[in-house]
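Paired with chain B in one complex and with chain C in the other, chain A is shared by the two complexes that follow.
Our next item is the complex of A and B:
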């Protein structure tokens, strides 16, 4: 592929650049344009998919019950595809171009291919949406066979995946160019390293997707007679879960990036942080097996191996980042002079900057709500009391929305002035946006997990079972949880709307950044400049008592909640 | 900074900080503990899934369910007259799933052990026993055997929790657990 991506790029050696007045970096105009279009399309899918999500949540609020059943299942399918896949992947492509061409100070490889990738992704995403909205493809995002969608649903996903794969190779090509042209010294920055992790996992993910979706497409048009449902599921999750590892890698890279850009934070140890990224590549794909813990036909040994050692070593990676990012922030803040007591560094952090508050909320929601519950659900026996209940979407709304989406929103507040070169408008709204969105998402996540603990099924139109031949009543608390979930969803939707409003208004109507406005309101504050930091690698100059307290709280919560769930399990019917 | 190349080109030779190495150790040992908990539950815990699964043609599975139902039916239940079956304790019992029902209704004795076979006639379904909250996946073509010992009497619902089309939310079955007469 290196040859493919390099050959057409030669014509662009004279590619045009501008020099960023804030960072002094050369900004390749092709990379800049591609970051813009990918980010804009991403936000469009976020807005559309988020609206669908609100309608889904309002339908699941028993007192509101907004949509009829067919529309509920249709929009739930569209919601999954639009936000989990299209919003996130379009934005990730923008992140990849940023982490390669911009951060490495070089030109983007094969921009024509990158534009082709963009076009294919748009065509694929639109095609899949058309298929779903036509009503013949309400198969949910997972599209488990033998349930069948219209052929163009699978085709849309395949075209989208091909486009993404091309974009990923443009990213790899850019790395090669940067290395060859010597646009940076030594090793790539940690943020780029994180992006490389995401891109490597993306190749695995897209390959798994191709392996299962191409035969499924052929089955949907009648060329293949049978697809084994268990095999489908194993390979589908090679894509479905691995793609979440792309998100995690990209979002952790953004955590490091924002901490560096706003506070001047640098990793406590390059070695440890890079090892932690490497663990994602090595282990998290196997951990996809945790989706198959209550399936027939897979053995306990297989489940335990894949979801314990594979999963726990990847979890170890996340736990390392979870300590090393707040640690880096604390070290930087203490060097910036906020050195009193345990938590002055945290109290006096730039909480009114949405890029910072969004990042911190992303770390907290991802770690406490998403991370802990993910490990618990991924435990062989505990999965029995959670599989396919609302606990599952409760968990992944904490990881993918509270974690990934909020991190992407946070860095958007830096991309708008740096890449789009526009002032953020509606500064007050922007300032509150991460809190409103974060509170809504934390609520959604907690209330869905609460309902799931009480047994409420996911992807279910009517938990009152009004049309069923036999009756069953979930406990009244479950109905309360679904109502609270609806309220939290309104709050999250409001936060999403605030984000879209601020971003769209800034990009299209914001004032152009000028030398004066940059001097007056620098996007990257000078406080955290590199010279305040003396030596690398060890935080021996700075103690980190605050971070130690924070990770200790996290750890105690983790252990307690883990064993609470074993207690729940021990109370159900014995089975073997 | 994390957005610039490491200042120290030999970053892999830098010493680890005490805080980080301690945290890595704690996290690693916690992983071992979780691994040990999961494995030991197979020996000391009472809730483990069996690994017993057979490939089976949906029609062949349907015949087994029919045979059991004919032999042990005790009454009918519900708006649609679903048979209620009371097979002897210790026997192989069957429940099939199809669009959109769990069939038949089972009546079991408390504290007795049964070999419950689950399979689907068409698409995938989710066996969600409520209010116990035991959830397993049901596939067409696979006969999954769970050895169950209901230890509380009462009326239990089987809700489908794998999306299976427009009637998914109407798919409810029943299991009765009764005290020994």
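Our next item is the complex of A and C:
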């Protein structure tokens, strides 16, 4: 295929495009540039925040106990902000532009505002980092009042949120342009619908952030005398937890995209998958309430409705995706000829492709470790045995890192050749990276949850209570768990380093993609296609014995773990 | 009820189901996605907190 198809051409009102020689998609140059800068800055924050995370984990390892207390809390704050917020949101903005302008084959709406959004996000993120690193804002990610950070900490978060909100509205504007210019017919593709879900949740998230962070900023500069701690908590978690639901929606959209691009997988039912996303739109954000399950100020009705009845509908959505995506993969593989036995489709999947292995590991870690434990924590009674213990960060490392970060890493291996138009370098390292990172994160998650089940508090510098006036002894197993957590963190950090190395080397030093290299090493294998991502349609293959077995294993694990926790609760809290 | 109506060119047009019309309207979804947590989580929660009496 001719390389000159990559040359930009002028389109509607001055927007320039190139035609991707691999996917055939019309790529808006403004969208492409914004995807690149947002993704690059995201990886910078991942690298910085990941390093801070390793130092926190090594401090929690009692035998190492790396940092003094003040540095521990400082870096814990910076780690939370950099990876839980800045890495994820910068990458999500890149995903929004990709899912709108690129997948819908249209120009990006208001590119100048999109650049303004990017600048505001960078300024806000840097400002918040400066505030934390100056040492007067070690309030941790949650920044609960009455702990007070420096005013520029809150100001940085507000500026970042404003920038993100502008980017989200550029996404919605692009949807309008695509509709009006007729760049698609009927319904938007499922991947774009997943991105719409993420953007909707982002609007609620950012609005909640504005409602609480603006008065908190005014409080920090002395214009407001008092912020009610419980009022702060309830509104802050509307932002803090919902921001993680943006991740869930974006990562599920990526799961569908990667399955389609690599295997040609179509959803088992477009309608059912869209209904699952609708469940997210309506109910997923209500899970924020699980952070307030032990607060005496709100009623059990509010707690149970939000975290049980409503949340279970969102969980139903996740379980639909959790069955639909492996099912779509199996159906596509069987259509591609891997029909022998129950699992030939799985054995002969492209496991050496880091985009595929990263996606599958993301699904498994998110479902088995993050999903099941999220339901446990959302049950008011069970929550009592692990509330505010290390179980909580164990859970969200499975969802946000094992689920979202790994999914984002996976699609990066496709974005580098398709958007940056560079060869992936260090291919062997890239092949191993998802496995190393996935193993480390699964370990971190399991060992922190294990320690949390034994009662180890989260956000605690020294579980040995060396200088405490009143001593307390955790079981010896808790110390073992924290040591294993440290080893797993080293493994995850190594996986993160491998990712940063491969991506940075590829983007800045990788060979430019040429017609010859595209023909020799196509990003999309013959089985996959970009057309599957950009079109509407369900899979026709209905016999999926392998997926039925895998889903059954998941349900058995779910039920067993649920009842084990009730048993554990009955032992902690005996009734006579 | 008929599933088809006649378009302007005389060709039959498929009636789009109500649920699909909902799912195809991102701004209606945006309204629902903001209203649902705003009412059920934020407003309900804040109302409960505001009813807690202040200590004397």
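Here, the second predicted complex is superposed on the first by the 545 of 576 C-alpha atoms of A that agree within 3 Å, B and C clash if a C-alpha of one lies under 4 Å from a C-alpha of the other, contacts with A are read in each partner's own complex, and residues count from 1 in each chain.
In the analysis below, a contact is a pair of C-beta atoms (placed from the backbone, for glycine too) under 8 Å apart; a residue touches a chain by one contact, two chains touch by 3 or more.
All values reported here derive from a predicted model rather than from experimental measurement.
Residue contacts after overlaying the shared chain place A:272 against chain B, while chain C stays out of touching range. Of the two partner chains placed by the overlay, chain B and chain C both lie in contact with A:297.
In the superposed model, A:230 lies in contact with both chain B and chain C.
Of the two partner chains placed by the overlay, only chain C lies in contact with A:306; chain B stays clear of it.
In the superposed pair of complexes, A:187 makes contact with chain B and with chain C alike. Of the two partner chains placed by the overlay, neither chain B nor chain C lies in contact with A:550. Touch criterion met: A:286 reaches chain C, while chain B stays clear of it. When the shared chain is aligned, chain B comes close enough to touch A:461, but chain C does not.
Of the two partner chains, chain B is the only one that A:572 touches; chain C does not reach it.
If you count the residues of chain A touched by chain B and by chain C, you find the higher number for B.
Taken together, the two structures place residues 186-188, 228, 230, 271, 297, 299 of chain A in contact with chain B in one case and with chain C in the other. Across the interface of their complex, chain A is touched by residues 1-9, 11-12, 14-17, 19-20, 23-24, 26-28, 30-31, 34-35, 37-39, 41-42, 45-51, 53, 77-80, 82, 101, 118, 122-124, 126, 128-144, 146-152, 157, 159-166, 168-174 of chain B. Chain contact summary for the complex, chain A toward chain B: residues 69-70, 73, 103, 138-140, 144, 146-147, 184-191, 228-230, 256-257, 259-261, 264-272, 293-297, 299-300, 304, 308-309, 312-313, 315-316, 319-320, 323-324, 327-328, 375, 379-381, 384-389, 453-455, 457-463, 465, 467-472, 474-475, 528, 530, 536-540, 544, 547-548, 551, 555, 558-559, 562, 566, 568-570, 572-576. Within the complex, the chain A residues that touch chain C are 172, 175, 186-188, 193, 196-197, 199-201, 203-204, 207-208, 228, 230-231, 234-235, 238, 242, 271, 274, 278, 281-283, 285-286, 288-289, 292, 297-299, 302, 305-306, 310. Looking at the complex, you find that chain C touches chain A at residues 20, 23-24, 26-27, 29-30, 32-34, 36-38, 40-42, 44-46, 48-49, 52.
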